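The same subunit A turns up in both complexes below, where it pairs with subunit B and then with subunit C.
Entry: the complex of A and B
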């Protein structure tokens, strides 16, 4: 039983971690936490199933198409729900605008795709449902590749450094002549692709289901809250920890109380350490 | 808008005009009630269900409105409390055979507790975190309802409570729901028009000012969460009765969105607006049958449109009073002579004494071993270049910053650091470098926030307008008008604060501080942005306040004002005291003159 818990826990934890990274990438570029993060994950699964299963496109082409679609969704989020409220005095409007847009994505999917979970294609056909099955290790690989890629991007490329500059000090970055708006849109595209990758790699695990969005929204946010805003390594640790904890609790106390346990831990940790376990407390301005 | 206090203020000359205003304000309510009462006589049973549903939703939205519209907390997952209430009452009736009314009460109690648990994070977390917590709670309640089959029936569901006669017919049940809805309207309106409602809005728009005026955020927010959680769960019980059979499918997140949008369409800080919003959103799908599948999508699109295009909601559209132009040539004419009536009984008390206070931000020492005394009846000037630690000193005294070393004493007793809301009880009032006001509330309401701790009645008494609540309101309104007359803003009492000029906001903050009958008044650059004539009047007012026994700490850059009115001056530089003494001594102090005053 233990190998199963670990395999499933790491797999689902990797998905949560990737959604957490999606939140972080959008946050760094705009200081906005967007409710669309989970929907991007959902869209990755649905678009994958749409292109490969329903339209019969080969997986090797369907994969970039699904990711591209999610990246586009990320850019649209920026244009429709983020940019208009960034200049507003009321700073919390983004919570509502991104929530509204996320709901629109979710409802559109429910009506135009299906309200029932749809099967996701087998990509490689490796493993036969056991702990070595591809559905368990695909998300883990996707997570490792994305986080490694992001580290490389941020540390070793000029564009990545520009992203960091925007995240660190928006005004100073603009004063230096960085194209803030384009970089922000690029960040949202990147976040869209990462969210899409999360959903695509977890397609065999979570299926192509419109309601995954809301679920991923919450469970993907938990690692961000635990790891501290904008901290990708914290998100990975938090995500994998959450996945393992959830699966273990599922096995030990059953589904009813596993969710309650996750929620309780989430609230207790946040009350004890509002800035997250690896974050820095913000200064208060009077 | 909170309109309670405005009635008393309207600067209308005759009683008839005032009566007309009152009538205009009551008209929408009377019309709504008339429609609600005639409905059973003109419509069929189908409409009884729709109308009952609107009433039930309103029971929930009325409570949620206090959380979202007044306190400004983005609680987006309130469908969870509806679910909780629905299952609690259904299970109690179906499995334990309890009476439906008892089950509603039990649901209310469970919901109140859940409301507080879900609300706890709001005390410490940022907006998005709180929104997410409520969303997570909504996700989890549905999962539990699905999985806990032995109790909830899982996906199969459970029968809802059945009402006894005469509430067992559609219209009978409608009457019951209507009474509940009317009750929640009345109760939330009472809260909105009490010092608690004003304090909630103050927490939303000017949290720092609210705390400095003695509003304790945890206590107030938790009582509101208690109330709204309870009413949401009672609505759940009614909802289960109306549905007659409930499954987890009945409680989709769409409902949360509906509740939330109803409030936003209606407008923050209004009660009529969200009520109209609730009715609109409940009834609208009945007229657009082909669009039912798309209704949530359209709600979401509507939410986006409101946020981007019309943040004020219906209430803003209906707020005709604040469209009439204000006079251009108005002047602030303080009447310090009236102070004797307000600050009559401030006996000479102890001084505030800072001893060896040290505070650094990161590597910068903002205050570096400061000693300072504020004595009753004296104006103490605190001057120095920018960044010398003046405002930080004020923040240490009013408890926003905790010093690393040293103490702040009131007489001989040290004051606890980091507890700004306790300062009002010590009679310490303050103003802010950038005025902190509630833009959407009237000037009088803003000022009344300053008297929050003077109220004697509890929130429970305010819910039902018991005598002590009415006494409090009368007293605070009277005192607020008195304070406005003193600073010379009484003509603007009913005007929205965000329409005032900068200088008027400064005087409004002083009026708010006077509401405390302050033993000490800390003024942070009150003359910044004022004209020469206004500064002269301000100086006169400050002197007269100090002559009533109040100790004043005046942070200022206008050297003329400082030397004119201060009894004692401390000059700061880089967090240290550069000089201290009477104005004459400071004027002659070589270092001060060369470093700061110039000359």
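Entry: the complex of A and C
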């Protein structure tokens, strides 16, 4: 039982963590909580199955195509649902605009793809459904690579430092001559690719299903809240913890009650630490 | 000279005209009017698969009857509305059919959610209605004297599944699971109660979220409980495929018995290997099942032969098609026997139907019992044996 809790818990937790990182990357560039993050994850699985299974493209080509499609979706999100409401962030119109765009993505997928879950191809054919199966460790590797890559990007590259600059203070960044709009679009493309990677790597676990978007939107938000908004390391720890706790609850109290247990803990944590476990209280201007 | 017509003269004249009118022959218009049958079909949307199958049978039957000259010279006219599986659209379509289209009977809707919404409306207008929805409460001869069920109720499905588990699989310990939909919850509760009433030991009862990516926790609980059969009440192909794959991972050969959704074509692509779909038995119907020698019952085979090239059967369920034919024939028969399309006449005729030899089954209705499908016709089929819309009988049945 314990190996299964760990394998499945880490796998699904890694997916939640990646969706949490997707939220964070979009938030850092725009100060907008874009509720399209889960749909990007869903699109990763659906596009992967579309290219590899339905169109017969080799996996090594289908993988970058799927991620490219999700990056494009991220850019469209920025243009359609984020940019028009940036001037009135305090009115929180982005909640409506991003949710509406997320629903459009979901419905379009349901109409054009299928309303039933579709199979996702076996990528390496390793494992036989047990704890060593690739469906469990692919999302974990994807999470580790993404977070490592982001750390490298932000700390060791000029573009990454520019991302951090607009995340820190976009007015000052613009004053220094940084192309804020282009960097924001690049951030959304990056977020799209990370979300797509989450869905693609978990395709064998979650299948290519249009309704996964809402599920990932919901559970992917929990690590963001637990880890602190904009904190990628917090999102990873929160996501993995959530996955392990959820899977343990599945074993101990059963699937339906597991969701109740997850959200009970979530509410208790937020009551105790409203800024998240790893966040810092916002500074107040005086 | 001016003559006045008094109010008394006017009243007398009116009465005289009324009496004279009753003596005149009725205009022939009603005798040649088409028989208008409303067809509430979820032809698009996520639950459209059954309605598309029913529709093929319905249209075929209408075409056959009209080509033969109609019913006593009256053609059948279908009034089809696509409800998209949405109860609100079904309600609007029902009201439009009754108030504006003047239909004489309604077939459908084809899913219980819509039917729960429209059944009281049809009852208020005393509209003759037949539907194939399984929720037991939809049929109540006192509350809804106008509503008749052409397919088995969930209770009949449950009886067939329980009988197979206890009498053919000889399972003493069973696990009963479903999804978290309203249907899943009510079906599991009813099934568990009936198993316990029959003396079986229900070792595990659970609702599983259809999107739950890993069902191993539930499978381990069932295995540890010693389940000898797993009864499944869910329409989620993904959840069912995950259960079959998890059974293989556990090297467990317990049979799955239950909902027909376990036999949908989607499962084929979702199981890790074809063998994972073995030992899965779904609810089926004797009239639409291949026996051990691979033959359909004679009357079904004759129908299949007659529609070859006219109706596509490979991508649907045969029982949807044949019951679509049956319902049109039952409306036509009611009009032919009574010479009327009035609601009381159609309902009155249906209440007298006894052993009507339909393609799907021999239907019997009485004023007290509007579940017309015989339980003995409900059998278990091999889930992975679909061919031309029909399935092979599960092991244990005499041919």
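FYI, the second predicted complex is superposed on the first by the 280 of 286 C-alpha atoms of A that agree within 3 Å, B and C clash if a C-alpha of one lies under 4 Å from a C-alpha of the other, contacts with A are read in each partner's own complex, and residues count from 1 in each chain.
We take it that a residue touches a chain if its C-beta (ideal position, glycine included) is under 8 Å from a C-beta of that chain, and two chains touch if they have at least 3 such contacts.
Computed from a predicted structure; not experimentally measured.
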item: Fit or clash between subunit C and subunit B when superposed on subunit A; value: clash
item: Which of subunit B and subunit C A:59 touches, first, second, both or neither; value: neither
item: Which partner reaches more residues of subunit A (counting touched residues only), subunit B or subunit C; value: B
item: Partner chain(s) touched by A:117 [first = subunit B, second = subunit C, both, neither]; value: second
item: Partner chain(s) touched by A:259 [first = subunit B, second = subunit C, both, neither]; value: both
item: First (subunit B), second (subunit C), both or neither touched by A:215; value: both
item: Touching partner for A:84 - first (subunit B), second (subunit C), both, neither; value: first
item: Contacts of A:164 with subunit B and subunit C, given as first, second, both or neither; value: neither
item: Which of subunit B and subunit C A:6 touches, first, second, both or neither; value: neither
item: Touched partner set for A:205, first subunit B, second subunit C, both or neither; value: second
item: Touching partner for A:251 - first (subunit B), second (subunit C), both, neither; value: second
item: Clash with subunit B (superposed arrangement) - responsible stretch of subunit C out of 3-11, 129-137, 183-191 or 363-371; value: 183-191
item: Touching both subunit C and subunit B, counted on subunit A across the two superposed complexes; value: 215, 254-256, 259
item: In the complex with subunit B, residue positions of subunit A that touch it; value: 33, 80-81, 84-85, 90, 92-93, 95-97, 99-101, 103-104, 107-108, 111, 214-215, 217-218, 221-222, 225, 254-256, 259-260, 262-263, 266-267, 270-271, 274, 283-284, 286
item: Complex contacts: residues of subunit B adjacent to subunit A; value: 72, 74, 76, 117, 120-121, 124-129, 131-133, 135-137, 139-140, 143-144, 147-148, 208, 253, 257, 264, 293-294, 296-297, 299-301, 303-304, 307-308, 311, 361, 391, 395, 400-401, 432
item: Subunit C - residues contacting subunit A, complex; value: 45-46, 180, 206-209, 211-214, 216-218, 220-221, 237-238, 245-246, 248-249, 266, 269-270, 272
item: Subunit C partner contacts - residues on subunit A that touch it in the complex; value: 1, 4, 8, 12, 110, 115-119, 128-130, 202, 205-207, 209, 211-212, 215, 247, 250-251, 254-256, 259
